[in-house]
Amino acid sequence: MPTLHVELFAGRSKEQKRELVAGLTRETCRVLGCEPGAVDIILIDVERDQWATGGTLWSEKDS
Amino acid sequence: MPTLHVELFAGRSKEQKRELVAGLTRETCRVLGCEPGAVDIILIDVERDQWATGGTLWSEKDS
Amino acid sequence: MPTLHVELFAGRSKEQKRELVAGLTRETCRVLGCEPGAVDIILIDVERDQWATGGTLWSEKDS
Amino acid sequence: MPTLHVELFAGRSKEQKRELVAGLTRETCRVLGCEPGAVDIILIDVERDQWATGGTLWSEKDS
Amino acid sequence: MPTLHVELFAGRSKEQKRELVAGLTRETCRVLGCEPGAVDIILIDVERDQWATGGTLWSEKDS
Amino acid sequence: MPTLHVELFAGRSKEQKRELVAGLTRETCRVLGCEPGAVDIILIDVERDQWATGGTLWSEKDS
């Protein structure tokens, strides 16, 4: 049942994504005591020109 | 007012999407008694390498 | 795999919710050809003082 | 802490997005009295063939 | 069409919420050139024991 | 920057929530190499009569 939506900057490698969903599932099952098959994780890649903090898009923070 | 967000595997045809939003709107209006114009549906295509169940990305379940 | 999030005004009856999830699941399976067990639906009750359209909260539209 | 997710039709210019996140952050801080650095905004571009109102995809409303 | 979801700490007054949705709608219309009636805003009150930053729930940051 | 939304059945204890946000933050930082302070997690309690799988609300699966 637990469903996780993970928003992160676009550009992560396939290995990182594989490792991330495995680790988050493991922790969720460890703490909540649920089965791995009950855990859904959706990764949402967000481009830096679509994410702003403090009123500035991250794509423009270094310029 | 009802707003539906539908996450589904990427790759569905235009016809399926057309049929899906029509059917979901019809059902929502039938049950809730609202007007079709009040129903918003946003389809969210999720790639199989962005969706994990049981700690494994769906893009890697068959490999 | 299809996951639906349905935002609707709070206050619907249990019967309506039961009927709504059954109907939406039926339509989703009919159009996408997936199994009912693969369809997750999360209903999100939104109070009228938490939903605004046109800059006005729905709880204050009739006042 | 305030986090805003803004769903809008795809196709807006970089200038509009820059102006939008600045304006929304300014208003959020003005009303809530929080610091700009506490405000996160994620822009979500939605294609017209992924957004339906009244049972019809916006990409097909003009056809 | 623009739809905004605003997650904020629970506890804000009705006046702040009224002012916030008005201001966010005004800014959205000003920048995107859309009609106020096309803008939906959903406020999501999040309790401090449901929001964590840096691995600690905000309800426990001051203890 | 990574933001996690975790939907889970309502009713978990404060200790479980504390442990869950700590573990998910640790894993996210370990895999993505980000700072804990950059990780936001929002827990979303979903009542069993608001979550359906296979067309049936979880509150009615045992009846």
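Lettered A, B, C, D, E and F in written order, each chain numbered from 1.
Heads up, the rule we're going with is that contacts are C-beta pairs under 8 Å (C-beta built on N, C-alpha and C of every residue); 3 or more make two chains touch, one makes a residue touch a chain.
Not measured: the values here are computed from a predicted model.
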item: Interface sides of chain D and chain E: same vs different residues, half threshold; value: same
item: Reference chain D; chain at largest CA-centroid distance; value: F
item: Chain whose average C-alpha position is farthest from chain E's own; value: B
item: Chain centre separation (chain C, chain D; CA means) in Å; value: 22
item: Between chain F and chain A, distance of the C-alpha-averaged centres to the nearest whole Å; value: 13
item: Where chain A touches two or more other chains, by residue; value: 3, 7, 26, 40, 42, 51, 53
item: Chains that touch, pairwise; value: A-B, A-C, A-D, A-F, B-C, B-D, B-E, C-E, C-F, D-E, D-F, E-F
item: Chain A-touching residues of chain D, taken from the complex the two chains share; value: 14, 17-18, 21-22, 25-26, 36-37, 39-45
item: Touching residues (chain side chain D, partner chain E) in the complex; value: 1-9, 12, 16, 19-20, 23-24, 26-28, 30-32, 51, 53, 58
item: Residues of chain C defined as touching chain A within the complex; value: 3, 40, 42
item: Sites on chain A touched by chain D in the complex; value: 7, 46, 49-57, 60
